[in-house]
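Pasting the structures in now, so scroll down.
In the two complexes below, chain A is the common chain; its partner is chain B in one and chain C in the other.
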Partner chain A sequence: MLAEVGYLSLIIAFGISLYAIVAAFIGERNHTESMVRSARNAVLVAFGMVTVSTGALLYALMVEDYTISYVWSVTSPSMPEFYRATALWGSQEGSLLFWSFLMAAFAAAAVVLNWKSHRRLMPGVIVYTMAVLAFFLGVSIWVENPFVRWWLDSGAPEGQQVLQAVFQPAGTVQPTATRLAETANGLNPLLRHFGMAIHPPMLYLGFVGFLIPFAFAMAALASGDLSTNWIKASRRWTLTSWLFLSLGLMLGGRWAYDVLGWGGYWAWDPVENAALLPWLVGTAFLHSVMIQEKRGMLKAWNMALVLGTFSAVIFGTFATRSGLVESVHSFARSGIGVPMFLFWFGVTFISTAMALWRYNQGMLKDEHEFKSLFSRETLFVVNNVVFLAIFFAVFWWSFGAPIVSELFFNKVVTYGEAHFNQYLWPLLLALYVLMGIAPLSAWGYTSVKRFGKAILIPVILSVVSLGVFFMMGMTDVLSLVGYWIVLLAGWVAIYETYRGFMARQKIHNENPLQTVAALLQRNPRRYGGYLIHLGVTIIGIGIIGSTVYQAETQQTLETGESLEIGGYTLTYHRLDTGLVSSDGRIIDRATLTLSRNGREIDVISPRRDFFPESEMNTMTIADAHSSLENDFYVLLVGWEEISTQRATFKVYINPLINLVWWGGIVLIVGTLAASWPHAILPVRVRETMRKGREQ
Partner chain B sequence: MRLKIVLLSILIALLATLPALAQDTPPIDPDVDTSGITDDQVNAIANQLYCPVCENIPLDTCGTLACEDWRQEIRAMLAGGMSEEAIIDNFVRRFGDRVVSSPRDPFISAMSIITPWLVALFAAGFAIVHVMKWNQSRSETPVADSGKDKNSTENNRNSYMEQLEKDLAGK
Partner chain C sequence: MTDTTWEKPKVEGKQLPKSNRIQFILAGLILLGAVAYLIFSGTITGGQYFLTVDEVVNNPEYEGRSVRLSGAVLGDSIVFDAETLSLDFSIVHIPSEFDNLAETLHDAVNNPDATQINVHLDNEVIPDLLQHEAQAILTGTLGEDGVFYATELLLKCPSRYEEAVPGQSIVEGQ
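And now, the complex of A and B:
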């Protein structure tokens, strides 16, 4: 019953999406208001139907309906309810349905929230959001159906007796519930982590959210309304998507650090990079769009960036799910490669063609010219060049070069972490340089004298704080250069905020918290932006510390024996094997104590989890002693088969690594501050304020 | 006589392929004493290699039995006196460029490194040309809608600061 409900809802949602496209198109063309309204209602109904379908699958997972093949492949009777729910996105079919659900939700929200304010663009927005939704629903219906069920045909030849279909084929019976439950696979152990409950939804929200700015841009191109309307309409959607994507990337890093057991958080794996690519183009857009809003410039460029961001989203989805480049995330591979590739190509080709069409008509021409070579506009253009250079380098080493090498030279090559770290750092540092100087430059023109005066104090503060890093033992020259540039960017953000704070304090007699709130309320983009820059600075300090100054050792210890590293002493006490957890895992756990300067500071318990029912069945779970200074990260590598007296441990000391997570939190807070909707004051109040300013 | 020639040819061919065969197998002496080689020495090399079976997982962290065997091979090679470079070369010869983080093939390596920089240079050049063009057209034609401040360079310079002060004052 659940399979029928879910599947039929999907088909209805698909049909309604197609109807919405046609109704919006005809309504706009014939200026028939009722048709456009009907299209809007169809968007809402399509969202409702996808919700029913997703709900049916979720319910099937919760009640363990193993007759549905997807449920059978990602859950098992021993799995706790929490992971049964997260199994919704635990494999290809379910995650694609969940993706469609989020996409339908975004489309419905965009239509409802922007209906009055951007009515003219709405038919176009409906056409493009529903076209993309219809594609993904079509993939779920015809290629990756999450509602197919198991059937047994006893009359078929050996090896062909097990069938998969939504509806019962003639002459078949359903396998018994007991048999299905006994053989159920269970969720991939890598996904049985709290981070996996949040990381994929955040990433999907980020990916899917970029559909709305894309749809607004396409609607603007189609309608010819290429004023700043589409930019205003899509700005908050872009920031929201960017926020979710940033959160998804950071949670992914944290999950890798906790679960994959290699002591790091970002390996430049192609699947990680597939998620980073739209983030890079999206970040470039968030900067350059300010130039269009303030100065009416870079219209064509901004259009290209919005279209490019969505193209990168679809490419990332295609690359991740088709197995284009093999990686640790390969569980998501399937046969959807060709339709996804064609869709990506179609989206990119059509959007590029429409942008070129309008460009040739002169509708994407700038309203102003650059006033000076040294201005905020110029620095933002340079910022965009650097972002795109990083984008291309990451794309090339993750996908371009490996594909070219395999196709034309018959050589399978890998571009690993060392390669990225070796060649990308100049571009990353260039971004920090721009982050430091761009906020001090003015729109239009900046004199060198004024700029020098503005940057003096941040330079002094950064040199002083660099001294602190030097005193802490960070003496590698290149890393100190990196630290100085990163610190300068951070101090500029802090100093500019401080100046704003003090200026307001001089004028208004209010408490400091009120001042901070007032600054954020009056100019959320500026001060939210400074918070984001501060977050990126903190992340940069963490990355340099944990990359350049990481220490590691691997040693085999007898019980009672210790190893020494970085001023710490780690003593091995015992290994408990064969502990059975409530979810069926078999756990082997070591107990060690960590001491510093002769004082015990923590008990460390790295472990190995064994999942008997899974194919990928062993997980090495690290344990760490965390402080702001560093993480003391321990892995249980192995032990002697006949005794637990000797065990091997791998230890990493990751200096300042926690700043990566703290910086991420600051970045999220900054993005929330920058995108928080502020109340629109009544006309009377705004008029009074305007008069006050004129006096 | 003919048989002798055939046998001699086979022998010569085998001798000629011997160095190549030697390169394709790990030069491990099963009796070599590996007790003096630490895990850290092994991992320092394994960290520069990728698991030939599981994609994108460094050899020092891969948990499969095959990788454990390859780490033991590295240990034996180190004990046998091979250098770090020779060990990595041996793995590349046996498993291809996929086991190192940058391809060793000079052409592919050059192509992979130069291409992004060329694109970046092209993008930078494109941006510079456009900014110069904008700047040039500004000097030739006064900007139409900047009349309110075109005669006031000082106003231009201070516009950012004035806007900042206004915003901060909340007026």
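And now, the complex of A and C:
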């Protein structure tokens, strides 16, 4: 029943999204308002149908309907409810359906929220969002169907008795419920982690959200309304998507840090890089779009960036879902590879062609010229060049060079983590330099004298605060240079915010909180942006600390014995084997105490979990004593089988690692501040502001 | 607010002088040149060949060079000394192109004629995924003794989560 409901609503949603495209197109062409309105309603119905379909699969997961092969392959009777629900995106078919659901939700929200304010762009927005949605629904219907069920054909030769189909094939019976429950796979143990449960939806929201700015840009190109309308309409969508994408990337890093052990959070793996690529172009766009709003410049460039961001989203989806990244030839391994590639090519080709067409008509001409090398707009362009340089480097080393070498030289060349770290740091540091100087530069032309005056205090503050790191024993010269540049960017953000704060305090008689609210209200992107810069500074400090100053050791300890590292003493007390947890895993756990200067500060319990129901059956789970200063990270490596007296541990000290996560939180708060400006104002004031803007 | 004074364009309306345009072009060329150099030099020096066991064993020119190597793990060969964190195992050849990873790995470990190579890693905690029929992707160098000294080890276990013909276990009586 659930399979039929889910599958049929998918097909209906597909048909309706096609209808919406046609209706919006005809309505716009013939200026038939009722047709355009009908297209809008179709968008909402399509969203409703995808919701029903996704709901059916979710319900099937919750009620353990193992007749559906997707449910059978990602859950098992012993799984807790939380992971049962998150198994919706645990594997390809479900996650594609979930992806379509989010996409339909974004499209519906964009149409509803922007209907009045951007009516002229709406037909185009409907056409492009629904075209993309229809593609993904088509993939779910014909290639990666989440609703196929198991059927047994006892008359068939051995090895071919099990069939997969949505509807019952002739001559088959449904397998018994008990047999299905016994054999159900369960979710890959590596994915049973809170971060992994919420990392994919965040990443998908970020990916899918960029559909809306893309659709607005395409609608602008199609309609010829290339004023700042499309940028105004898509501004908040872009920030929201960027927020989710950033959150998704950080949660992925956190998951790797916790689950994959070894204290790493970013390995420059092609799959990770595929998710980073749209973030890089999107971040470049968020910066350069301000130049267009303030100065009417870089119109063609912004158009290229917003189209490029979505192209990167589709490329990333294609690269990670098709298996492209291991080898070009694994292309064919998943049925999704060829359609995804063609779709990516189509999206890129059509959008490029549209942009070139309007460009040749002179509709993307800038209103001002660049006047000085040292101006805010020039520095923003440099910022864009650096972001795109990182984009091309990451793309080329992850995908370009390996594919080219295999196709033309018949040899696969790959680039590892060390390579990325070695070659990308100059570009990353350049971004921090720009973050320090660009906010202090003026539009048009910056006088050196003024700039010197503005940067003096942040420079002093950064040198003083550098002393703190020196005192902590971080004396490597290169890392100190890195710290200094990163700190300067942070102090510029803090000092500029402080200046704005003081200037307003002088004029208005209000309490400090009111001033902060008013600053964010009046200039959300400036102060939200500074907060984001501060977050990125904190992340930078964490990255330098944890990569340059990581310390490690390993030792075999008898019970009662201790090891010393970095001023800490770690004492091994006992090992408990064979503990059974509620979800059926068997746990072997060591108990150690950590002390510093003779005082016990924490109990640490690294463990090894054994999953009897799964083939991929053991998981080493580290435990850490976590503080702002560092993570004291302990892994249980092994013990003697006969007695549990001796056990071996591997210990890492990751200095300042937690700043990476805390900086991430500051970045998220900053993005929220930049994108949610009106929430704190009364409706009356908002109305006046809206009227003011529309005049 | 103080920043409003900052944002007043100072030279609005003036024509862009020619010398300025040359400045922009020069600065742009230097920037793009630096970026291009970085990416180009990185591409030339940083790449590692991704090889099969056959290629490494039969081509002595790879000896001493940092390469990546992929093969199927032989479960019986895994020796791990927890006290010294030294890890040894053998992998057998798998082709660089295949349709089904699980099947390829299964065939490789059961083929007595497949080329084998011994792998050694130091200072490595034994990975949870290191087991019979896993795909090992190693980064390291081939030593003169014919042992592959790896510094990095990635593993893939397609067995259960990517079955060749899924669902066979459902048939009763297996």
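Throughout what follows, the second predicted complex is superposed on the first by the 664 of 695 C-alpha atoms of A that agree within 3 Å, B and C clash if a C-alpha of one lies under 4 Å from a C-alpha of the other, contacts with A are read in each partner's own complex, and residues count from 1 in each chain.
Keep in mind that, in the parts below, a residue touches a chain if its C-beta (ideal position, glycine included) is under 8 Å from a C-beta of that chain, and two chains touch if they have at least 3 such contacts.
Please read all numbers here as calculations on a predicted model, not as lab measurements.
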Chain C versus chain B on the shared chain A, clash or fit after superposition: clash
Chain B versus chain C as contact partner of A:Thr32, first or second or both or neither: neither
Which superposed partner A:Thr648 touches (first chain B, second chain C, both, neither): both
Touching partner for A:Asn185 - first (chain B), second (chain C), both, neither: second
First (chain B), second (chain C), both or neither touched by A:Gln168: neither
Which superposed partner A:Ser69 touches (first chain B, second chain C, both, neither): second
Touched partner set for A:Ser117, first chain B, second chain C, both or neither: neither
Which superposed partner A:Ser627 touches (first chain B, second chain C, both, neither): neither
Touched partner set for A:His508, first chain B, second chain C, both or neither: first
Which superposed partner A:Trp639 touches (first chain B, second chain C, both, neither): second
Against chain B, colliding segment of chain C, chosen among 4-12, 94-102 or 166-174: 4-12
Chain C-contacting residues of chain A that also contact chain B: 261-262, 327, 369-373, 378, 382, 385, 389, 392-393, 396-397, 401, 405, 411-417, 419, 422-423, 427, 442-445, 447, 450, 500, 503-504, 526, 554, 556, 618, 620, 648, 650
Chain A-touching residues of chain B, taken from the complex the two chains share: 38-40, 43, 48, 50, 54-58, 61, 63, 96-103, 105, 107-108, 111-113, 115-116, 119-120, 123-124, 127, 130-131, 134-135, 137-138, 143, 145-146, 153, 156-157, 159-161, 164-171
Residues on chain A engaged by chain B in the complex (per definition of touch): 260-263, 267, 269-270, 325-328, 330, 366-373, 378, 381-382, 384-385, 388-389, 392-393, 396-397, 400-401, 404-405, 409, 411-419, 422-423, 427, 442-447, 450, 500, 503-504, 507-508, 518-519, 522-523, 526, 552-556, 618, 620, 648, 650, 689, 692-693
Interface residues, chain C side, partner chain A - complex: 1-3, 6-12, 14, 16, 20, 23-24, 27, 31-32, 35, 38-39, 42-43, 46-51, 68, 80, 82-83, 85, 96-97, 99-101, 123, 125-126, 128-129, 139, 152, 157, 159-161, 165-172
Residue ranges of chain A in contact with chain C within the complex: 69, 72-73, 150, 152, 159, 161-162, 164, 175-176, 179-180, 183, 185, 188, 261-262, 327, 329, 332-333, 369-373, 378, 382, 385-386, 389, 392-393, 396-397, 401-402, 405, 411-417, 419, 422-423, 426-427, 442-445, 447, 450, 496, 499-500, 503-504, 526, 554, 556, 614-616, 618-620, 635, 637-639, 648, 650
